[in-house]
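Listed below are the structures to be examined.
Heads up, the next two complexes both have chain A, just with different partners, chain B and then chain C.
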Partner chain A sequence: MCTVTPISLTVGANRIVPTIAIPHPLGNPALDHDEEKKLRRRLVEKALKALQTPIDDQTIFE
Partner chain B sequence: MKLELGLIHVTDVQFGPESKIEGSVVYLNEEEIKKIVLEDETIKSVKLDIARPGESVRITPVKDVVEPRVKVEGRGGVFPGWTHKVDTVGEGKTNVLKGMAVVTTGKIVGFQEGVIDMVGEGAKYTPFSKTVNLVLDIEPVEGLKQHEYEKAVRLANLKVSTAIGELARNITPDEVKVYEHDTIMEGIKKYPDLPRVGYVLMLQSQGLLHDTYVYGVDAKQTLTTMIMPTEIFDGAIVSGNCVSACDKNPTYIHENNPVVEELFAQHGKTLNFVGVIITNENVYLADKMRSSDWSAKLCKYLGLDGVIISQEGFGNPDTDLIMNCKKIEAEGVKTVLITDEYAGQDGASQSLADADVAADAVVTGGNANVVVHLPKLDKVIGHIEYVDTIAGGWSGSLQPDGSIIAELQVITSSTNEQGFGKLSAR
Partner chain C sequence: MYKIVHYINQFYAGIGGEDHADVPPAKMAEIPAVSKAFNAAFKGEAEIVATIYCGDSYFAENTDKALNEICEMIKAENPDMVIAGPAFNAGRYGFAAGNVAAAVKAQLGIPTLTGMYEENPGTDYKSKTIIVPTKNSAAGMRDAVAKMAPLALKLAKGEELGPYYVEGYMYTGIRKNLFEEERGAKRAVDMMLKKLAGEPFITEFPMPNFDRVAPNPPVADITKAKIALCTSGGIVPKGNPDHIESSSASHYGKYDIEGVQYLTSETYQTAHGGYDPVYANEDPNRVLPVDVMRDLEREGKIGSLHRYFYATVGNGTAVANAKKFAAEYAQELKADGVDAVILTST
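Presenting the complex of A and B:
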């Protein structure tokens, strides 16, 4: 899980999930508490799905 | 656009009853300077000091360094948007107090502020060991937030530098340098056979005390745009930056941008200096994509043959650098990058966080991870206890005997990515 996905590609990560911003990858201080909780859950679920997805090459899960 | 810089060579700064310039000495009334700083009600107190080249003095943690200048002829005033109203600068005459600087220190704002040693091993690496430095040690009022403190310190330096610059208004300069920037049409007519070269100046804009201002505007809220190179010499770009000391651009270096200087020197001889593009380094991927797209678009539109790209800071800005490089090269415009390296203390690691085959011409400002041993100096201006916590230091960097073992990172402007420092590599 990473904000700057081009760096993830450069360093050879296989499964890449884009995140919010460099200072707050897994959250967003602009949202209220409930909305942020939903956002965080979505990101984690996406990452879990990515882990279960077979891939042949470096893949960004948009 | 034509700007004449009138250089007044300063050999010393002294406190005295009257603020004035006599010969090559700048005299300052301490109370007058303090009064300017204390106009800001968020500042509790200020101590003034003077650090001269060769003295056994260490200044830390250094926030910004500014060169006093004054606009003598032409529109606007220095540091537009801050100490003068917003008005286009870069034309006419500006006097410069060459050889002195105003340095701000005080309680730490971020963890990425630097060290300036006026003598010894550390002095070799910082350009500000060669200037006579008026140091403002500023203490904020109780409870002031970090970002408000940064702003107060930044403004204090700009106001004091502007006031000192005013002393030079009616002085005949020792040396005059003329910078004339052709319009696109003039350049094409005058130098049809010379390669068209531009400069992409990347400005640190990650937020959270990592910011740069253009005519008072926070660069992270801007799109990639153009600036006239002579505007930069009049203080149109101001640092509000607590990025690692070694490779942030203090306001002083913007005022003296060495890439712009050299492009002017080569203009009409080996190349046609077409213009300067300023772009930012934001923390959202979409911003990085958009800003680098825009740099490439402008390079193509200007019909450039080549550009120099200078970075500020390191880490994720390496991606902005590589995106600029890749996209500009893809438009058929050759690039040369100026960066620095974080290759580990032994120099064996990958130097940048990002890379691409298009980045095949790179100039380095040095490896910021190299460990240096700085001797104990007789006097410290500021607060030595932060040395263990600033970037490049570690718990124990400050030795029991008062010397410092730390990475080069801690030294202000040691690996500057506009090439203002003293290091390079082949």
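Presenting the complex of A and C:
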């Protein structure tokens, strides 16, 4: 899970989930606590989905 | 006159080919043609005073023993520098020449130089000695001697070599501090203009070679899977007990989160020095989502969250170090029965 996905591709990660921002990849301080946690959950669920998806090559799960 | 010792294989020593590749190291009674070619190129400034040979198979099969004997023979000559090869594309010769050059430099503190084709496995030693790229066969001998001799002379005189792209040796991966005449901004813009114009330019910071691995098959049943969290975002227990460096991390931490429902600013922080730490310190779940993983665990959406998370700081951290960390803890994760890993990075 990474914000600068071109770096993930360069270093060879296979399942890549784009995140929010470098200093808070899985959060957004502009949101209130509950909204922020919902956002984080959506991102983690996306990562779980990526883990369950067959891939042949490096893939960004938008 | 500077004194040079030359290391070669049994073939260039005139002993024979493959059928004589098992001869042990020895000093030649008289220097062979290849050493004489170097002497001619030195134009009286330096001289090969001794040539030591070893069979390529003997060296490959008895590396430590052969190295010791060769180092002893070289030490006895007390040379100003040592040349090994050139080995062109001969794999075992390249291995021996690279090994001898690296060992003499490391153990005897004598400057060394070798030459070989860029695909020779002996080029693995390019960070431990100076390797001049040559053609892939002995037909390139004249060219190799012409390139190697001036560098050998500089090394014999104890002179510092310029950068690889000026002197023509292989990239060593070793960076040195130096003063540039132009400031960084100007050099960067000059490089960009050349790049845009399709002209050749030399980067001041070559990217490391990253490897590629085939993707793993998907997790069959995520509701049964044990999932671990790892991060290069520097999340550590408050106070950074393992003193993970804020940049160029030399190690990683392994932290027990049994019973931890979520991370708080009182209990965790980031050790990372490469991004604004305010948001991660305020709520470390923003980098390592322990809170959400616990919810998913409780709801049966995942099997379990692994008891330990692994963390380091990915800020100017050497690729070789990062690789070493992961190679080590991947074994632990496997031994602990972890099915999948979510790695977060900042």
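Operating definition for what follows: the second predicted complex is superposed on the first by the 62 of 62 C-alpha atoms of A that agree within 3 Å, B and C clash if a C-alpha of one lies under 4 Å from a C-alpha of the other, contacts with A are read in each partner's own complex, and residues count from 1 in each chain.
One rule holds for everything that comes next: a residue touches a chain if its C-beta (ideal position, glycine included) is under 8 Å from a C-beta of that chain, and two chains touch if they have at least 3 such contacts.
Note that the coordinates shown come from a computational prediction; the quantities given were computed from them, not determined experimentally.
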Touched partner set for A:18, first chain B, second chain C, both or neither: first
Partner chain(s) touched by A:3 [first = chain B, second = chain C, both, neither]: both
Touching partner for A:30 - first (chain B), second (chain C), both, neither: neither
Most chain A residues touched (candidates chain B, chain C): C
Residues of chain A that lie at the interface with chain B and also at the interface with chain C: 3, 7, 10, 22-23
Residues of chain A touching chain B in the complex: 3-7, 10, 18, 20-23
Chain A - residues contacting chain C, complex: 1-3, 7-8, 10-15, 19, 22-27, 29, 36-37, 40-41, 43-45, 47-48, 51-59
Chain C to chain A touching residues, read off their complex: 207, 210-213, 215-219, 222, 225, 227, 233, 275-280, 282-283, 285-289, 291-293, 295-296, 301-302, 319, 340, 342-346
Contacting residues of chain B [partner chain A, same complex]: 206-208, 283-285, 288, 316, 318-319, 322-323, 353-356
